[in-house]
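What follows is a set of structures to go through.
What follows is a pair of complexes built around subunit A, which joins subunit B in one and subunit C in the other.
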Partner chain A sequence: MSLEILLIIAFGGALLTYLLGKASEKTRDFVAVIISLSMVAFVVCLYGKSPEQTFYSGFLGLDLVLRLNMLSWFFAVTIAVIGALSVIYSLSYIKTREKTDFYFLMMLLVNAAMLGIVLAGDLVSFYIFWEIMSWSAFLLISYNKGSALAAGMKYIIMSIIGSVCFLVGMLSLYVSFDTLNISQIASAMTSASPGHILFILTAFCIAFGIKNAVLPFHTWLPDAHSEAPAPFSAVLSGILIKMGTYGFLLLLYVIVGLKLFLGLGRGLLSFHSILCLLGAVTILIPTFIAMLQNDAKKLLAWSTVGQAGYIILGIAFGTNLALAGGIFHFFNHAMFKALLFFAVGAVEFRAQTRDLDSLGGLAKKMPVCFIATLVGICALIGVPLTSGFVSKWLIYKTLILEGSPFLAFFALAGTWGTILYSYKLVHNVFLGQLPEKYKDIQKSPASMQLPIIVLSLAILLFGILPGIPLKVINTIGTSFGFETLNVTLWGITSETGTLNTINIFSALLVAGIIVWIVFRLGAKSVSVPQEDSYAAGAHTPADKYHYTAEFYNPFYRMIKPFLRDVIDEFYYWIASSVRSLAGNVRRIYSGDVGYYVMYIIFFLAALIFVQMRWKIW
Partner chain B sequence: MVSPVFLIAVPLGLVFAIPLFALFWKAGAKYIPPAALAFNLVVSLLLLPRVLENPVIVSIGGWQPPFGINLVAGPAGALFSAIIAFVGLLVSVYALDYIKEGATEKYHMLYLLLLTGATGVVLTGDIFNLFVFFEILCISSYSLVAYLRDKASIESAVKYLIQGAVGSSLLLIGIGLLYGLFGTLNMADIAQNIRSVSPISVFVPMVLIVAGLGVEAAIFPLNAWLPDAHSSAPSSISAILSGIAIEVGLYAVARVIFTIFGAQSFLPFLAFLGILTLLVGEMCAFSQNNLKRMLAYSSIGQIGLILFALAIATSYGVTGGLFQLISHTLSKALLFLTAGYMIYRAGSMEISALEGMGKKMPLTCLAFTIGAFSLVGLPPFIGFPSKFLVVRAALATKETFFIIFIGLALLGTVIEAAYFFRVVQVLYFKADITNPPSKDAPVTALITMFIFVVLIVIVGIYPKLVTDVLNSAASELLNRFDYIRSVLG
Partner chain C sequence: MENMVVKIIQIILSPILALVVGVFFLGLARKIMARIHWRYGPPLIQPVIDMVKLFCQKSVSHGFMFDLGLILSLAGSIVVVLFLPLGGIAPLSGSGGLLVILYIMLFAPLGMALSGGQGANPNISIGISRKLILSLGYEVPLLLVLLAVMTRYKTISIVEVVSAQQSTAWSFISFPLFLSGLSYFLIFPAILGIRPFDTASAPQEISSGPMVEYGGKYLALATIEHAFILFISIALFVNLFLGGAANPVIFFVKMLAVFVLGLCINAVFPRFRIEQAVKYLWKWPTLLAFLGLIINLAMRS
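Coming up: the complex of A and B.
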């Protein structure tokens, strides 16, 4: 199974789906699902293999290479699975909208481009697939029209700024080392000067930081992820921004290498500690901003920014536990954020709104979504038995072990914030009283429930048996030069203690059985309708229902002045300054042809004068 | 038959045959430009393999240089001639259905004359002959800008005429000074003897010629005619002006600076001028609400980038500049051709009038989007390898000067992306029109656009198709001694 064939099928499949859609919708849906599932199958079959092949020699004198190693495989499998689930979810979500062929084309194109990125063995192919991913994502974010247009513009402009920095960094490497093959650059980097390494790192970190939404480059994410159609939001939050993570891993551990990376700078002013600090701040601030959101998807989008901070903190910290925690958190976040976006998307599909202030009480009407959101929230917070617990545990452990109290505090504070906004989400959508207008709301369609159920089960599975992904991550860690971790099927053993999820699972199972037995033996419970509720001892009549509105209002009033998004305002200020500068520059072309002729003559006169006076030419 | 002389003589003869032909068959006049340009394309492509080994030099009338006029078809000349013929052919096919009202016969005569002038500029080896063909190019374009005969067109054409005339006068004075200094008009001969006079006496003709050619080449601050002219002309002419006329002007500047004067010390200033042109052009484009004006300012920006790349004057730089030139020609021509029909159906040149065009004219808008993405430099289109080469050339010089400039150039790219993506969003993601009547552009226009799109995608994926020729063209421009030797022996 060659890598080129995989990419050809991925890209060709996207085009084929579009063309088939012009003929028949059912065929198109079928083909789209088949292509996505076949991608999953191909990637899974490639486990353990490491092919490397030149698929195009002679592009401007460079050889374009595709290769697979454990890191690429891990990312590729996540991309393929989340991509396939999003396509299945889209079948019902998109059915009544317009431009459905274009939608499927772009979904499949983004997935294909992301697979191309992780399979790229040289920086030019990486860049080509990166750009294709960026512009197809832009087109798909703008799909919802209205306010999505501004969100799409913000995204693409920041993405292009990142790409431009990437281009400069990449060509600077080319000019110095005469190759862009990643393995060759890695061996050549040992001979580079620290100043040059710093320049390359800065250029690439800006590019990957913008894509991964690290503070201060995160401002595009909340708008873009909330305005995109729900299945694509899942792809965006789950895997697209993780391409920045992949870039960071490639840059810091493969290209620059562990020793060089940790050795750059001294103490607090070293590159890796600044990156850790950025990751930590990214955890803290966006997590609290998420708490103040009233739009369900914007809340999840800010949550994504916060969780991305955990991943960056883990990656930048530089120990094997931290790396394992960071990469595992990427995998987990992809799963539970996709799950949450799917659930919220299903609610939006049925209720036609994302406004947390007006939703409520949907637990009984949409049970699958409710349970799924609960599982997703538990994973987000890091409750034991979910996979989120394991990755967060690894990160806390390493931060405390290595003696970084500030970073550990940020990470823990982030979890407090996560608990707060997660509860807001689940309470405002599913708990509380059911508003009148949603009395007849239907359950989500089967093709939407399938991905939701699959992801919930996966979260629980990897929470109980974390060894499955951890084994792969361990291989990645050792390939970077770390010491290997002691990984078993249900946990990790290290010098300071063991994480054994089977013990936790068994303990909880036993506790659950005991509780169940007690309930069965106790008094019979009476079934009460949802509307029959009491407050302060008196029955509340129907027109005084306590809906969930302005959750956390006191806290909101306290914190709001401190959480103004100054960075976003700064970027808007830059944009409007450029616009007014452009408007003023335009006045050079005033319309009066006398001025124009004057420009020509003055230009000539100035040149001759300069030469006669200063003789510089 | 395969000689540079026919590349000029055949179209020139056919220009004057058009009114005679029209006496017999009025509607048939519009088929002559495509025929002439198809002939040119075939001859240029046949000439190309020969000139890659040795430039083909034709002495007109048998008079040897430095006394007679000669045509020098090197790789650069043959390449440009092929591009002119190719783009001219496609736009003339487009014009078959686009140009329906007005003095159509004169349109076709002037169109073919413009392209003959352009071909002459790139093939000539004599500086006064350059001036003659340059004037043919300019005067045809002045008249064609006024073709639509409305107030805006006439005003633009008059302004263009005035500035162009000033430029041509400066050019003529410069040529006159050179003739006075060296007693010859042959480019190779002047190049050979350029060091024999004092630097200041060479400098004045050089800046006069650069200023004169620079008006047509749209270098800042000489390019104020461009936004008006390119937006008021009919779209097929805008495509030719933006795609060929200003590039040929820039080629003339490059030929004069590199080959005749060999002015190494003047190049950093030209690089600075290029970046200035780029930034001014992109910023002005950003503030536009009129689609064709926006595209015109974008042309100014791209010319700045090409000038910057050429001024780097290494083989990487000139190859990158020439590749960017081809990329701009193809993309900008495509953009203007699609804009032509989009504006025609929308009834207005304002960008806001194009809301929902994506549904009404799907193929045309797809072509526009591809042209826009290509110009910004996104893979897998032709704009990407060309931008790659230009940035590589700038970084390879390892001078802070060029590195800062390329940073500014990439800033220009971000601004370019902003205004092009704005238009793409308006086309596809604005008004909610359900099932509008889908009346796309006519077949001739669609075929033309399709060919441009195919070429943009194919060369974007296989840049090797053109890089060999571009490398030879770059070394021909940079190696003045080889040029002098091949002409004078």
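Coming up: the complex of A and C.
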């Protein structure tokens, strides 16, 4: 019963918010926040329970089932938390815009649909919620009009292709097993032939790969993420694309099962290694493209593609450490990417631009955003003591010890590329000289700062005590049939290498304090304005400081020729050739009756010819 | 209990040891460079004299991050020393192995970059940009090298890498790892940031880049930081390829040999432009490291 109530509150709350918005904006905001917070509370209370219930039977003779297990709980709690924070963040972000009722309706609808997806116990309800999510996301991406419309269109076209693949896979399953209940399919799957499994895996992997933006299906993501309103970018990057991750987990570990999945094909030509390789390529190439971006949100969007690669690599590699790393990285990415989009959105909200070449020096003006961005990029890079480190450590370790150093190389090299673009982000927005026009820039409003602070603290907490999420992830791993990991509150112990974050933390803390004391003992320093800097005797002019523009210029010149997005160009080529083909087909309808008479006569003549020649009828 | 005391003593001792050796290297570097240039050169303890002087001088600060970045960077370097085996002394090496070392080594450049970034000086931005590009340049072969070592010894723990070498032979002279070791040696000047790879600091060109706004105690701390980085880079090489050592004395002798060899390269080469540096790093060292990793992988299975 409880799962139904959860979804009824989620969907009903979305409608209620919309209707209340017609009467009073204040009540609407209040109700939206209350509903999304109650989702969090509700999901948290469900921890450890595993209800299963049929909420509607008789749809094509199939039961629609809702169920909860550790995997869906973990995803549900992430969705609820990030969703609630983004609603809180939206309050002041969206205030001055038009159609705010519609915005909140869609925002809550997306969150509700995502909760539906992870709670769905059969593929039909999964598909229904999946479509609700896709379409409301489309409306939100296009919310800003202008170039956002094109981005939304690109997204929805790719999304539909994914849905079609999903339907094909689903029908194939239904035809052979006569059921769409996930657990029933899972037990029937052992009797399926390898060819059939491969077909199903491919169909679903395209569907989930498009959502999760795995290369070569990533092209919708950079446009959609940068054009959407900032709070929705956070949802989009933090959790919406992770529905693809959830799909992958469900497909590979629940429906098909680890043994069948790893047994498909041999050596480098197996499904498992191709998926790993796709993950690895998805890490490396987008990371380098991200370095070339001058739009803060576009940079983060490309980084999302890259980070999704780590998750896929972890999940596809199929050892318990890799799986734990992949799921943990999903969780971390939801936190730090939402945080980064929030912070960049807060800057955009005040400065009215997110152009990395014209911003700068905002650290003193917006300290909360600065610190948050710093924490966010540290987690993105995987600096120890942020949660991003632990998940990456798990993935690297298993890749190295299981004898896949080249995959590990892709993953590690991706991290070093990440340093370049994340430093560019923090330097070009917050460090360097403060331009004259931003002298009087305000701090961001409190309702925008709150989600930022909450997420920063969470990242540090789970970085120092990674055992909290790892315990849940461990339960998920054992439910997939893996051995349990030896998890402690501050890391993982095993014979092949121990991680102890509390040691690192205390060592760094003590060393920091000692250095600070030494620093204090030295002669006092005086604070000087930014213009007072050394320029070899010359005067450093204010507001003429362009060295942040094209920050890695020498490197750009080297790599730019190699980094064309050929896949995107290929899709555009397909789109334009379909368009021109359709244009040519259209010419048949000339509007001249004489032509139409001619078509009819030609057609009849052809029929007569066929009949005379081959005597078909 | 006795174990605990030994460990605490080691924790206190090893950063001090690293500092002393690092600063000694800085002094020695100036002396040797001078001799190669046919000058007399400053006394060995000149860096210490400079540091004491700098600590007593007035300095300027450009804000909160300007101070914090430097402190963070130095703290990070001290922690790395605790994770490195220094001839049998390795107080914290059990907390995550080589991967953790690799990652904590990030604190130093990242802290410096953040601190410098708030300095708001064009020279700093150019310097940091070059430093980050250069580090991407040498990380590619370096990662391949480290992966080859970890694949060969089937461990991510640096202590086990050292003990495996002590029971057999140095990795540098054992066949498949020889290629990786050679590659490591070819990128070594880039890791240390000495000529021909001193493009990030480039004193005559961009006024020492990231260091340009530092004066007084900031410059003193940055020098200490430099000493630590020098120590860490060399110690890592000695541990991974020259078999570490059973006691600190032999360890430091090995470090000294590597360092003097590096200095000789530094003394005679002109400076690469940053593109040239990356092109060089991604050509021969990467190729060697790549070959090394492939052969290692093939021999493993």
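Keep in mind that, in the parts below, the second predicted complex is superposed on the first by the 584 of 617 C-alpha atoms of A that agree within 3 Å, B and C clash if a C-alpha of one lies under 4 Å from a C-alpha of the other, contacts with A are read in each partner's own complex, and residues count from 1 in each chain.
Methods note: a residue touches a chain if its C-beta (ideal position, glycine included) is under 8 Å from a C-beta of that chain, and two chains touch if they have at least 3 such contacts.
No experiment lies behind these values; they were computed from the predicted model shown.
**Student:** On the A-aligned overlay, A:Y552 touches which partner chain: subunit B = first, subunit C = second, or both, or neither?
**Tutor:** Second partner only, subunit C.
**Student:** Looking at A:V593, would you say it contacts subunit B, subunit C, both, or neither? Reply first, second, both or neither.
**Tutor:** first
**Student:** Between subunit B (first) and subunit C (second), which does A:M612 come into contact with in this model arrangement: first, second, both, or neither?
**Tutor:** First partner only.
**Student:** State whether A:P561 touches subunit B only (first), subunit C only (second), both chains, or neither.
**Tutor:** neither
**Student:** Taking the superposition on A as described, I'd like to know which of subunit B and subunit C A:G361 touches: first, second, both or neither.
**Tutor:** The answer is second: A:G361 touches subunit C but not subunit B.
**Student:** Based on the superposed arrangement, let me know which partner A:G195 touches: subunit B (first), subunit C (second), both, or neither?
**Tutor:** neither
**Student:** Does subunit B (first) or subunit C (second) touch A:W516, or do both, or does neither?
**Tutor:** second
**Student:** State whether subunit B or subunit C is in contact with more residues of subunit A in the superposed arrangement.
**Tutor:** Between subunit B and subunit C, C touches the greater number of residues in subunit A.
**Student:** Help me check something: in the complex, which residues belonging to subunit A touch subunit C?
**Tutor:** These residues of subunit A touch subunit C: 361, 363-364, 367, 370, 374, 378, 381-384, 389, 393, 396-397, 400-401, 403, 405-406, 408-409, 412-413, 416-417, 419-420, 423, 426-427, 430-434, 491, 496-500, 503-504, 507-508, 511-512, 514-516, 518-519, 521-528, 530, 532-536, 540, 545, 547-548, 551-555, 557-558.
**Student:** Under the definition above, what is the set of subunit C residues touching subunit A in their complex?
**Tutor:** Listed in rising order, the residues of subunit C that touch subunit A are 15, 55-65, 67, 70-72, 74-76, 78-79, 82, 92, 94-97, 99-100, 103-104, 106-107, 110, 113-114, 117-123, 125-126, 128-130, 132-133, 135-136, 139-140, 143-144, 147-148, 150-151, 154-157, 207, 212-213, 216-218, 220-221, 273-275, 278-279, 293, 297, 300-301.
**Student:** How about subunit A: which of its residues touch subunit B in the complex?
**Tutor:** Within the complex, subunit A contacts subunit B at residues 58-60, 98, 124, 127-128, 131-132, 135, 138-139, 142-143, 145, 148-149, 152-153, 156-157, 160-161, 164, 167-168, 171-172, 174-175, 578-579, 581-583, 585-586, 588-589, 593, 595-597, 599-604, 607-608, 611-612, 615-617.
**Student:** For a test of understanding, state which residues of subunit B touch subunit A in their complex under the given definition.
**Tutor:** 158-159, 162-163, 166-167, 170, 199-200, 203-204, 207-208, 211, 215, 221-222, 224-225, 227, 263, 265-266, 269, 280, 283-284, 286-287, 373, 376, 378-380, 384-385, 387-389, 391-392, 395-396, 398, 406-407, 410, 413-415, 417-418, 421-422, 424-425, 428-430, 432, 434, 463-464, 467
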